[in-house]
Structures are given as C-alpha cells and as structure tokens.
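Can you read through this structure? Questions will come right after.
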Amino acid sequence: MKRIIPMWIAIIGGFAMMLSSFIPLAESAGEMFADVFNVVAAIAFVLGAGSLAKQHLEKLSRRDAGWGYSIITLGSFLITLFIGMLKIGIHPNPSFPQAAYSGSNDAEGSAWSWIYEYMITPLTSTMFALLAFFVASAAFRAFRAKNTEAILLLGTAFIVLLGRTFAGVVLTGWFPDWASGLRLENLSIYVMQVFNTAGNRAIMIGIALGVAATGLRILFGIDRSWLGGGDA
Amino acid sequence: MSAGNFNNTNASARSWFERLDRVDRRWIFLLMFLAVSGPILWIGVTGKTLPEAPTLAARAVFQEIDQLPARSLVLISFDYDPASAGELQPMATSLVRQCAAKNLRMVFIALWPLGSQVAQQTIQDVIRDDYPALKEGDDFVNMGYQAGNEAVMKLLLTDFAKAFPKDSRGEATSNIPILKDVKMASNFPLLISISAGYPGSKEWVQYVISAYNDKMNFVAGCTGVSAPQLYPYFPQQIAGLLGAIKGAAEYESMVNESLEVDGVATAPKYLQAQRRMGPQLVAHLLMVGLIIVGNVIFFARKRRGAA
Amino acid sequence: MTRQAKTWLVIGAVFVALLVARGMIGQGLGRVYVKRTDVTVTLPDAAAVNSAAAGASSASASASTSASTTAVSAQATAPSITSTSLASGTTMSWQEWKQVPPLEFIAAQKENPAQTEITLSWPRTIGLWLAAFFTLAIFSFLYADNPFYKIAESLVVGVSAAYWGVIGFWDTLVPKMFGALTPGLVKSLVQPSLIAPEMLQQISMVFALILGVMMLWRLLPRGGWISAWPLAFIVGVTAGLKIVSHVESDLMAQAAATMKPLIVSVTDASGATNIWDSWWASVANVLLVTGVICCLAYFFFSVEHKGVVGGAARVGIWYLMITFGAAFGFTVMGRIALLAARVEFLFDDWLWLIDPNHLRGL
Amino acid sequence: MRITHKILCRIFTNHSWKCVATFLCMAMCCASASALLSSCISNAPLVDTAIATPTTTTAPPWFNSEKTALFLWIVFIGAAVTVSVWLAKSGRPIRIRRIAALEAVDNAVGRATEMGRSILFVPGIQDMDNIQTVAGLTMLGRVAKTAAEYDATIEVPTCRSLVMEAARDTVRASYLSAGRADGFSADRITYITDDQFGYVAHVVGSMVREKPATCFYMGCFFAESLIFAETGNAIGAIQIAGTAESSQLPFFVAACDYTLIGEEFFAASAYLSGEPAQLGTLRGQDVGKFAVVVLIALGVLASTILVMAPNTAAAVWFLDVLQKVLGG
C-alpha cells in the first residue's frame, strides 16, 4: 500500500497534466504547478538544512578528522541564515517606509550584500574559473588522433579554437574572396550551422523520445525504481 | 588513459616523449595561468587592444537595434548571474549603451534570481552614469526577478502585468508610465536576452519567439557553452547572436565606432570585451599548442611501439 | 617537514614578501572608499492611509492603520534609523554608503582634507582582502588539497546553503505562499503593492502548503512514509509535463525543420541563379539531412549496428564527434573569460597593479 | 479499504490495466484523427492566420485543436510503447544492442568493492522537476542495488533537498530488494547546498580526500561536468557519465571512461533492469524514431520535388500534410 498509493498519485497527476496541455481552460495548470513546486522546494529547504546540520554536528560530536571545518560550515550557515531571514540592517523601501520588511536584502552596504559580494561571489566564481585549467589538461590528454572519431573531435575543436581568435584572421585572412568560405572564422560558422545543427537536432529528437519513454514508463507503472528498486 | 598502464616502463629508459606524456598536469595549469595573466598585465599597463573584424551574427545584432525608430520599446532579459558576468557583462553593457544612445525605451526583466542585481548594476554603470537624462519609469524600468522559468515566459505572451506585477522598486506595473501600452510581450518590437543557460535564449525561442516570429525580433547574447545550441536558430528565429566574449568584442567595437566622438577616448568600461580578447588569444594558442604536443607525443609513441 | 609542506612555506613566504613590497610602492593596494548619503522619508499620515485604503485598492494604499507601530518595528531591525514625530506624520532617516573609486576620495581630500563624506570603509576593505584570500584559496586546490581550500570549501557550503534558503523564503515563500494565504500580513510588512490574490492561486497555495507539510512529516518519528506522496506527485506531474513539452519543441519542431530540399537555387539581386552559392547551399542541406538521419540511426536500440544501419550509425557517430568538438572549442573561450575576470579582480581591485577602468587615475 | 487494496494489487500484478490504457489510447487516437481530418477540410486553403492570436480561435473549450498533431504524436508514441511492452511480455524475444557504458556498470561497482573504496553517485544539480534528475534517480536505484549486492558503499551528495529525500527513498528500497536492508545508511545521502559551485567545491574536495574508486554522473549537468570529470580522472577513478544536456556531453566524452549520450541516458535504467516490459519500451522508442526518419525522408523528397518542379500540386499538398503532422 505504501508503494501503490504514491504510484497512483504519480499516474493520475501525470495524465491529468498531460491532458491539461490540450484543454484551453486548463492550460495554465503547468504554470500553477511550477508555483506549487517552487513553494514545496522552498519548504523542503528545512529538510536539507536539517541534513546539513546533522552531518556536521555528528562530525563535531565524534571529533572526526577535520571537525574544525564543520564548525566553520555550521557557523557560517547559521550567521548567514540569521542575517538574511531577519533582514538585519535593511532599511525599508523608501517608497513604502511603513512596511518594515519592504527593503530588499540586496541593498548596497547591507550585511547581506557584504556576504554576497565578498564571500559568495569570489568563492563561486573562482570555482567556476577553475574550468579554464581543466579544459587545458583535458585537451592535452584526450585530444589525440587515436581513431577516426578522435580525429574528427580534435580537428573540429582545433578549427573552432583558432577561428574564434585574432589568430584565425592572421592565418587565413589573406585567402582570396572566392575562397572566403575556407577562412577559419567562416569555416567554424559553417561547422556550426551544418554539422553541429545536424548533431544537435538528432540528439534533441532522441532526447524527446527518451523523455517520452521514460515518462511513460513512470506513468504506466512499468519503472518503479524511482520509488525504490525492483518490485519489493 | 591512466598512469597505471606504464608502470612496467623502466624509469631510466624513458624517452623525452614519455616524460612529456607523464608530465604533472599542474605544469599545464601553471602555463594556463601565465597565458591568461601575462596579457592582462600587458594590456592593463599599455592599454592597447587587438582589432576586431565583426562577423555576420554580431553585425546583425547591431543592425537590429540600429533600425528601430527612437522611443521603441525593448524588452531586455538578464538571464545570468555574477558567476557568468565575466563573459556576459561586456555584452550587456554594450547592448544597453546602444539602446540608450538610440533613445529606445528599455524594460529590464530577470529570470535568474540574481539577474535583477546584474541588471541594476548595468543600469547604474551605463544609464545613470552616462545617460542621466533618461528617467526611471519613463525611459527605462527594472522589473526585477520572477521565479517560474518558462512559466513566466508563457505568461508574458498573454499578460505582462501578471508576469511582472511590480518593478524592482516595488511600484505596481499599472502605475509605471513606460508600461502603459504594454499588454503582452508582442508589444515589444525587439526582445534581447543575455543568457548563461537555463532558462535562457533557447527557452525564449521555444516559448515566445516561435509563438510570434513575425511580430517580434529577437537578438541574443550567450556564453560560449550555450552558443552551439543557439546557432541552429540563427538567423531564422534569432536575428542576431553574440557568442561568448568574441561576439561581445566584435559588437562592442561596432557600438564604440558608431558612438565615437572625435578627440574623446572611449571610456574604459566600454572596452571590457576587447581587453579580454588578449588573454583569449594567448590562451587559445596555448590550447592549440597543447593539442599539437599531445599528438606529437602520441605519434612518437606509436612509432616507437611499432618499431 | 614534508616536501609539500616546504613548498607551501616557500610559496607563502615569497607571496607575503611580494605583497609587502607592493604595499610600499606607489598608492599602495586594496582599499575601498565609500560616500555617505542621507535618506529621509516621511511615513504616510495615518488618516491619509485610511482614506486611501477605503477609497480603492491603490497600490500605495497600505493595509496598515498603525504607522507608528511599523516604525517601531523598523527601528528594532535597523538600528541606525532615527524617527521624529512631525505634525503631518513621522519621518524616518538613515544613512547609506555607496562605493566610490579611490579617485573621488583623492579629489575630495584635495579640496577639503577634513571632509568626512568620503571615507575609507573598513568592513569593505576587509571584505576585499577576504575575497582575495578566498580566490587564492580556491586556486590553491589546483596544486593540492590543503587547509586553505578546506576553509574556503566549508565556508562556501555553509554560506551558500543559507543564502539559497533565504532566497527561497523571501522570493518564493513570502510573495507566493504568504502573499496568497495571508495577504494582509504581507501587505503591511513586506510588500504594500501586493495585488489581491485570486481564488485559484489561493487554492493552489493551500495545496502546496499541504504537500510541503507532508514532506516535513519525515522529521516526525512516525508516519514518515507519507512524504513519498508529494514526491510521487512531483515526479508524475513532471513526467506528464515534460512528455508534452519535449515532443512538441524537440521532436516535432526539429523534425519539421529538417525537411529541407536537397537542391537549392540561390538567386542574386538581379534574379539570376548564382551557381556557386546554390551549390554550397545544396551541399549544406544534403549534409544536414544525412547527418540527422545517420545520428538517429546511431540511437536505434533494438537493431544491431551491422550492415546499412551499422554504416549509418558510424557516420552518425562522426557527426556527433564533430558536434562535440565544436562545442568544446566554443566553450574554451567562455572558460578563459571567467579566469581572466578572476585574474583581473586580483590585479585590479586588490593589488592595484593595473587600472583598466581608470578608477585610480594611474 | 481492504477490498480496494486487493483490487489495486490485482490490477497491478496483472498489468491488465494496460489493456485499458491501450484501448483508451486507440479511442482517443480515432477521435483526434477525425478531429484533424475535419480541421483539414475546414481549413481547405491551408492558410494559417490565427496561430499566434489565441483570442480569435473559436475552438471548443475542451480541446485545443491547434495541438491536434501534438496530441496524435503522444498517442502514437504511447501506443508504440504499449504495444511493444505487450509483445515483449507475451514472450517475443527482444534484441537490444550492446551499450558499452552500461555493460561496464557491474565491473565498475565490483572494482570499488575490490579496492575497498566507495562509489560516488552525482544525480545532477537540478531539482525533481527536471526529468533528467528523475532518470538519474532511476539509474541510482539500479546502481545502488548492484552496490548492495557487491557490498560496496555508495555516497550520494545532492544539490537539492527534495532530491536528497527522493534519493534516500530510492537507495533504501534498493538495499531492501537486494536483501541488505541493514547495510543502508541514510547519512551517506546528504544535502550539501543549492548553490552550483558551492556544491562543486564540496564534491571535488571530498573526491580528492576519499578517492572513490568509481564515479557516476547521471542527471542534468552544467559547467561542473568537467570539474567533476577531471578531478575524477586525477584520482584515477572509473567514470561513467550520462546526461541529456548536450552542451556538457563533449566534456564527459573527453574526460570520462564511458558516456551515455542523450537518449542512451534515458534508456539506461530500462536496459539495466533487463525486464522484458522495460526493454519493450526501448523498442517503442525505436518505432517513434523510425517514424521520424520516414517523415523526414518524405518531407525532403517532397520539398526537393517542389524545387525542381515548382507548383506540383501533389507535392504541395503532400508537404502541407507533413507540415501539419509535425505541427507546422
């Protein structure tokens, strides 16, 4: 029973949603679901926060290796939560001074924007910037002409890499007009518009069918592994 | 290929290419850091930038905005956050600058939670600093962020005020002069989206542009990673496309050229993209070099293996 | 001392020495200046508010009839606010600080050395140094895992988890759920311009609240299985929605876009056929259609990749590899731009080595 | 209550309700086919002027006739899947081509057991309203079951609270069905943070510290794909990735040992299950693909004929019908 009811909920919800796309009266059902989902996800933050607190408190109480870092995580989590939830130091919006919480957390000079600007931004964008290093090491290691597939992969990457900088202009810019299609910057656009379009289109069509089949497996109750593996 | 494959190689008998093949990847990291930081220092000190030759897609963006009559409404969607600002901010700055210089009326929206902040910053840097005559509410307005991704786009098709009931100052949409005649998205002759992923330009095409292709033009700026997915839509659905910092630099140079005043140097904030093409060039050459070295090693080893 | 520890020590020492040297040359480094502005607002008169609220549902009409109480609660949360009672109502004033480039500070100092309008901001200067520290700490991960990275990692996890929780609360729960269920409260405290919620919206939010409570039931000792219901609803509805949207926008639209003629005739301005352009356009279409069909052949599951299908699948894989190579090449550009932005932060904002935006008049 | 339970169980064990579904599908198919036909007839000149202005449509409020083609497609795919499942269940053998990445799953899990290290499973960075996350979780169910059988530990850091809860349910049930309920620990499935790069910072940090022997990346990924894959490569882990995010496929292809590309990713769970019913759905997918290929071929043919001999009435009509079938 504990598995049957959720399955029926999924089936009924799914079919109803599918049908609603075709009924003009119910066309906004999808948008409504998006709202409902966002609210549920926001409420579920309590569960995530609980899990986060639990894992670090356990580490602390067990004095696991690196428990000091758990203090940092927990402390920064609680402080940020406190500042943000209560809008500490945020003035009301000048248009509505009578509403105490009308000010935005993002106001310049607030503690919240300090956290955002001097902690979140440098930490996350530097993490993002690590990719520049990883594309280099991945290209060095993986782009070797082992077989036809690999040659095509690295050859295209090579053309695009060169074609997207001034180097491409210098190397092939002197090509006469009738051969302008072979200039690196034009070649890379041609690759984009023909090969890349073909590849992406097929991938998209495949994905659409894959999504449809995955969805139907769930809605027909064939695949229940998301409810837990097998037929237990 | 894992290093374990070569465990039986005698260390003293290793040839140059085997040593090079097993080079610690941290050397590659160091080379990459130098390739990026060197040109930044050099350009920062000398102030020189590389010339740009605009490609078709970037020229189309410029023309789409240029051909609009003054006071036209433009919907600008900031679908990125500060994490991608390095790549997209120069485009946003130049796009807003061209719109402001053309005296178009701009409505800023954001479908990414932090997009609203980025839009606010762009408004400050371009409109408030350099076009102070433009008034918030009459000439431009920042509607802030709305949660809901595609749902917001679909809502825009039918009811703008419902999708964005108030602006970022808290003013109700019905009280904002610039939006007096706006009922739905089709009231905007041009849509600009600057996007770093989902939701972004692709969703705009799927949900909004495909619904009224003939009534609304669409130009997009995107990160390098999403450019390949958007090229199939160019030039039918997406009239103009700025791909990554290269597209931004091309477009920036066009905007700068069109707004150039003799004897006045372009403000440095309008040269961001062109400045960043310097490190791009050296880093790209490094990547090309790495691929070549990798293959030289590969063929050298293959020959040794065959011999 | 291990070799790694020695390396760290050397790197650290060289770095600190360079930093000290940098601090002694020229204008120094890493300071943030701010400019003070005073903001004064007048609270709407209680009587005026009442009449406006009674008149119509104007956006500025506040549901609150007790302006003074809200002022008190505002005071509690924002310590620097001072409020004074005037005949017409109550005014509130506070100070705001905006960041200004060092150039403005220098100019202001030159004009009046005793000015206090533009000052060095200690919180922001410390923030800037912290940001630089975090940037370097994350970069240090490229060399090896180390305590600096671990500190940065612990911090980013804690701060960002709370950050998104707060965003979820103020940007989703408050306007959507509380705005629909307790509009009066939201209007008086957060968003006076809130539009009265529709019935349907209220029903959906009650539903969302029920689902949310079911999710949280898991925290109770008994009956945690009920949280499977909201999850099942989400999974089912997602499946239903995505089937429709993917078939429509990916399958049908993409297939329709591929039905292109294999022979194209391109005419130039004078109306004559341009043979070269036509040929190239035709080749492009042939390649495109072949590519789509071959790639689809690669995805066939119930047919072994042998014979014709095998050949097509092989061509399909080639197309996919070209697609991936192109995407890789394009992406490199973006990734380098991101690194360049971080390096610029270090060199420009923090070390003041370069000044591309002419903020310090170098 | 008891009776309802019995009825429901009966329905589900027999799968006979699928007959009902099929009949429903067929019925709706016929209904909508006639609707399409009638719309074709009434729109004889085939001039679409009212597409973008929904206010002018006079369609009955219970069905949006502009979406007839879409409806037909969904019914068609649904019918193809149902019939294939039916055939498969009735004992007709299904041959499914080898998918290398999925053949490697058992070995990869076994390797973790041998080395005494853990398995890392990353279910993407999106929430439960993304179908890729759902597909990633179905895959997690399979991998966790194998891991339970091999007695390997599996770590699942998640980026969303709801995904954490769903993953816990999935893994718990997998351990249960593998007969190792005692081996399940909810604490290995943790919520880290909603922030993309905060999550990445934690996951790569723990990767270099714990050195998992095998890493699975199954779900919706963005920029973090390459950070994960390169870090995994540096610690010498076997890496199997699957995503439908086409912008990230190049990185997984370049840096992982095996990659499930797009549709393969959605087929993974069915493939691994080995159940005839699930494999049947893969054939249903193929029927859909075949239909698309045929339609494209016909459309290309018709439009080419039109270029060579403009105003061929038959070709014009045929192309129009094709465009209508594809919702154009």
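As written, the chain order gives the labels A, B, C and D, with residue 1 at the start of each chain.
Note that a contact is a pair of C-beta atoms (placed from the backbone, for glycine too) under 8 Å apart; a residue touches a chain by one contact, two chains touch by 3 or more.
These numbers were taken from a predicted model, which means no experiment stands behind them.
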Most remote chain, CA-based centroid, reference being chain B: D
Dominant interface by contact count, named by its two chains: A-C
Closest chain to the centre of mass proxy, which here is the mean CA position: A
Centre-to-centre distance between chain B and chain A (centres being mean Cα positions), rounded to whole Å: 18
Separation of chain A from chain C, taking each centre as the mean of its C-alpha atoms, in whole Å: 11
Numbers and ranges of chain B residues touching at least 2 other chains: 25, 29, 32-33, 36, 83-86, 147, 150, 170-171, 225, 227-229, 232, 244, 246, 280, 283-284, 287
Contacts with 2+ other chains: residues of chain D: 54, 67, 70, 74, 77, 128-129, 131, 134, 162, 165-166, 169, 191-198, 201, 223, 246-247, 249-251, 253-254, 261-264, 267, 282, 285, 288-289, 292
Sequence positions of chain C contacting 2 or more other chains: 138, 141-142, 150, 152-153, 156-157, 159-161, 163-165, 168, 172, 176, 191-193, 215, 218, 228, 231, 234-235, 239, 242-244, 246-247, 251, 253, 255, 257-258, 289, 292, 296, 299, 320, 323-328, 330-333, 335-336, 338-339, 341-342
Of all residues in chain B, those that touch chain D in their complex: 2-4, 25, 83, 158, 186, 197-198, 211-212, 214-215, 225-226, 228-229
List of chain A residues in touch with chain B within their complex: 30-31, 34-35, 38, 93, 95-96, 102, 104, 106, 121, 124-125, 128-129, 132-133, 135-137, 139-141, 143-146, 154, 157-158, 161-162, 164-167, 169, 173, 185, 189, 192-193, 196-197, 200-201
Residues of chain B touching chain C in the complex: 26, 29, 32-33, 36-37, 40-41, 43-45, 47, 83-87, 113, 145, 147, 150, 165-166, 170-172, 174-175, 206, 210, 223-225, 227-228, 232, 243-246, 268-269, 271-272, 275-276, 279-280, 283-284, 287
Chain B residues touching chain A - in the complex, by the definition given at the top: 1, 25, 28-29, 31-33, 36, 50-53, 55-57, 82-86, 116-117, 120, 147-151, 154-155, 168-171, 227-229, 231-232, 234, 244, 246, 277, 280-281, 283-288, 290-291, 293-295, 297-299
Residue ranges of chain C touching chain B (in the complex, touch as defined): 59, 142-143, 167, 171-172, 176, 191-193, 195, 245, 249, 253, 257, 323, 326-327, 330-344, 347-348, 353-358
